[in-house]
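Dropping the structure in here first, questions after.
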Amino acid sequence: MVDSIAPDLIEVKNLEKRFALDEGFLETVKFRGGKILREKREVHAVNNVSLNIVRGEALCVVGESGCGKSTLARLVVGLLKPSAGQVLYGGTRIDNLSAKDMLPYRRKMQMIFQNPYASLNARMSIEQALMEPVKVHNPRLSRAEIFDKVAEVMQAVGVDPSWAKRYPHEFSGGQRQRIAIARALTMDPEFVIADEPISALDVSIQAQVLNLMLEAKDQRGLTYLFITHDLSVVQHFGTRVAVFYLGSLCELADTKTLFDTPKHPYTQALLSAVPKLSDEAPSHIRLKGEIPTPINLPPGCPFESRCVHANARCLAEHPAPLQKPDGAIVACHAVEEGRID
Amino acid sequence: MSLLSVRDLVVKFAMRHQTLTALDHISFELAQGERLGIVGESGAGKSITGFAILNLLSQPGFIAGGKIMFDGKDMAALSSEEIRLIRGDRIAMIFQDPMVTLNPVLTIGEQMVETLQAHRNISRSDAEKIAIVKLREVYIPAPEERLSQYPHELSGGMRQRIIIAIALLLDPQLIIADEPTTALDVTIQADIMELLLELCQNNKVSLILITHDLGVVSQMTERTLVMYAGKIIESGKTREIVNDPQHPYTQGLINALPQQTVAGHRLKQIPGNMPGLGSLPPGCAFHPRCDFATDICKKSVPEFVSFADVKVACHEVARLHKTKKAEAKDG
Amino acid sequence: MSTDTLSRWARFKSSNLVHDFIHNKVAMVSFLIFAAFVIATVFAPLIAPFDPYDPLQINIMNSELPPSWQDGADPQFVLGTDDQGRDLWSAILYGTRISLIIGICAVALQAFLGITIGLLAGYVGGRTDSILMRIADIQLSFSTLMVAIIVLAVTKALFGTQSFNEYALFMLVLVIGIAEWPQYARTVRATVLAEKKKEYVDAAKVLGFGPIRIMLRHILPNSVSPIFVISTVQVANAIISEASLSFLGLGMPVSQPSLGSLIASGQDYIFSGSWWITAIPGFFLVLLVLVINLLGDWLRDVLNPKLYKG
């Protein structure tokens, strides 16, 4: 079944995720304009997103809070079931598999979480936390064999194996994130999803963890889906970048192309807003208004309310992602019509 | 004369087993209208500095020594009532998380009027007029309607603007902003920072900006203090510090930024972690992580001395400066 | 291995729990009294001068003797005797033993049912959650005593006093245990709902662990604090319930008295001057319940992270 020649490790097709805001019958009953209505409000977290992740690359997904990037990560890894669309792993559809059929993919796909203070079980020693997954997936291994595996991985992430008996609270945030990475690596995954893995860490520690992830990529041939809001990290880490806004894909391009020639107005604004060391004063593209809520989205372009280039078509019609000559995929009417370049 | 003068400030925390020194002889001056950045990692003592200036330290922290002179008055010698009058009136503070700083059960208007009436003998309608003027100053659309709204009806960026408007209500001489945009998105952060800068410049308000983000400090401030493990290790003009840092820690912080490295290459990381206050190494607190440490760094605490255009606490700063210059010539 | 256990002991000694305990006089005194209760009941056969279950040691001629500090007392009965001439001190030791056994076993049963149901409801969610929690609501809307009285009275009527008395202990544990499980189920469900959202649970799912392993190995150990706290309150409640039922004649028989049946057996004699038969076991019951509740209060203060982390 698995086609090992396929260059795309992951393929996401027309993925959608909606969360119901009103659960239970009573919450859906609303009183409006003298009438009693039954209405279900939904949050459109991910909206008709298609993208692919090539074997060996690091695809970065950027966007602001609530843009659906974390939901996308959870959909790909199977923590959430999509409302519509498909997730394919090496050509096989995995979003509709049963827990049992999913097991082989569980080993190949691992996830690193944002908060190293919450992603490790406080009641388990490091040794227990790292040995458990190996034991569960290889019931025939002896304890010594399992420990060898764990010690090897701990060494690889720079955590002294002699600390294995300690509990998470005895470690700093950076060390915990190393341990969380080690836990993912115990499974020998080929694909790692990292959801804001460094945003809870201090600046000098961020560099350490990023370096560790780059090393793991080179040595183990990992493929990454890297979720972040920090564009300077993206520029350094990603081979390609996907920019999200309100659950929709705005722009997807090679890192260099995106940073050199951002095309979508939102990408342009986002890039200009990053404070740089060379700046002597804020110098960013000002957006009007605020980010709208993703509840019952309007039919048009999600960025329309804040975009200086918006016109009537942007209000009425959702822009389709289109490929530009330099390979960038952009979803914007103004770019398509040549109103902006 | 400077507006704020902090001399040899020592703050300690009385813990169960020992007393920890959170701030170790911090000294700095701030002129009227000047913008100062305090940079450091979490636990370096930058937030505690802000709290200590306002005498807002809570148990088990306490000021164990030093002087904080604000506008010629010694803050430590004032009664709690006198400090209360300065707080909010002459010095305003903006906190990190706009979601928790506003009281969720009071409307924006009530909170603004309450703040004004706590410090001025003023009628409700006059207070509301001032509130509307200030809301307009921070570019809040339709300010009259906002007064009757509750915090949860507003977005994070809007709330932080309102917090800034509240901070400006009494025309303070000094604003202390503790990571004011960390909880906000990049595009909103840029807006808020620009607003804060504009307000400080227009009204000649002094600003202490506490942050971990060197990029923000670079955009916003004229002078910068770099803190590490409770001490100031480097201070000077922001430009100088950003372009030509002298302390190996400051250099490390700047070099560790992804923008300083070619994409895909290893970042120049600082090894190790900042030590906890309970386990500070002898000598220079940075020496276990420092590539340039020598024997003297392990033994004695470096003095805070002038070097080049900045002040820096490092034994090896002269040698370091020379190598850096030589490298710059070669490269 | 020894270094490991040693460090675990050292870790325990330096923990917040122990530190707070040493600095809290109320908790210390309560714990000492509770420990004294436990030791006294465990070693009751060694401490007690008489065996209250042995009819040969009971002499009706010794009935209603006052405690030793009163006139007309017999020095071999320190706290006096009851209406049948049983040594009150021995009866209280054995009675406390039965009260504690019923209390702890009933709570163990409650905890087992409640934790299982709470874990399932909280983790699985959806319809399972709704159904289980509605059952809990229904159970809670009957008061424990009402359920217990009905069940015990019916079984007593069905099987006769003789056979009921034989199995009274089991019946009490069963009835009190089943009547109060929703307390646990609700608390556990609430903590599970909070824990379930934490990233370590997602991490466990991504690692391919099954739901039972996640519930038992990951979520449950992180939910023990509230379980601990309600357990103390529930033991106190169960002891009170048992005493009430025995007082009403639906609990332990007079031949195997618990604290409740001792109090009940003396109530006819209060006005004839033999107040001690009711008052002294009553005092021990109040003391036992009080120290358990005080310990529970202290535990709640210490284990509530909002109170000590701020």
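A, B and C label the chains in the order they appear, each numbered from 1.
Methods note: contacts are C-beta pairs under 8 Å (C-beta built on N, C-alpha and C of every residue); 3 or more make two chains touch, one makes a residue touch a chain.
Nothing here was measured: the structure is a model prediction, and the numbers come from that model.
Judged by the touch criterion defined above, the protein chains link up one after another in an open path, with no loop closing it. With every chain reduced to the mean of its CA atoms, the largest distance from chain B is reached by C.
Computed from the mean C-alpha positions, the centre of chain A lies at a distance of 32 Å from the centre of chain B.
One finds 54 Å separating the Cα centroids of chain B and chain C. For the pair chain A and chain C, the distance between C-alpha centroids works out to 50 Å. Shared interface positions of chain B, defined as residues touching 2 or more other chains, are absent. Residue ranges on chain C touching chain A, taken from their complex, read 4, 7, 198-200, 202-210, 213, 217-218, 221-222. The touching residues of chain A, counted against chain B in their complex, run 64-65, 172, 174-175, 202-208, 210-211, 214-215, 229, 231-233, 235-237, 255-256, 269-270, 272-282, 284, 286-287, 290-291.
For chain A in complex with chain C, the residues that touch the partner chain are 74, 77-79, 99, 102-103, 106-107, 109-111, 113-115, 118-124, 132-133, 136-137, 165, 180, 183, 187. By the touch criterion given at the top, residues 41-42, 155, 157-158, 185-191, 193-194, 197, 212-216, 218-220, 239, 242, 252-254, 256-259, 261, 263-264, 266-271, 273-274 of chain B touch chain A in their complex.
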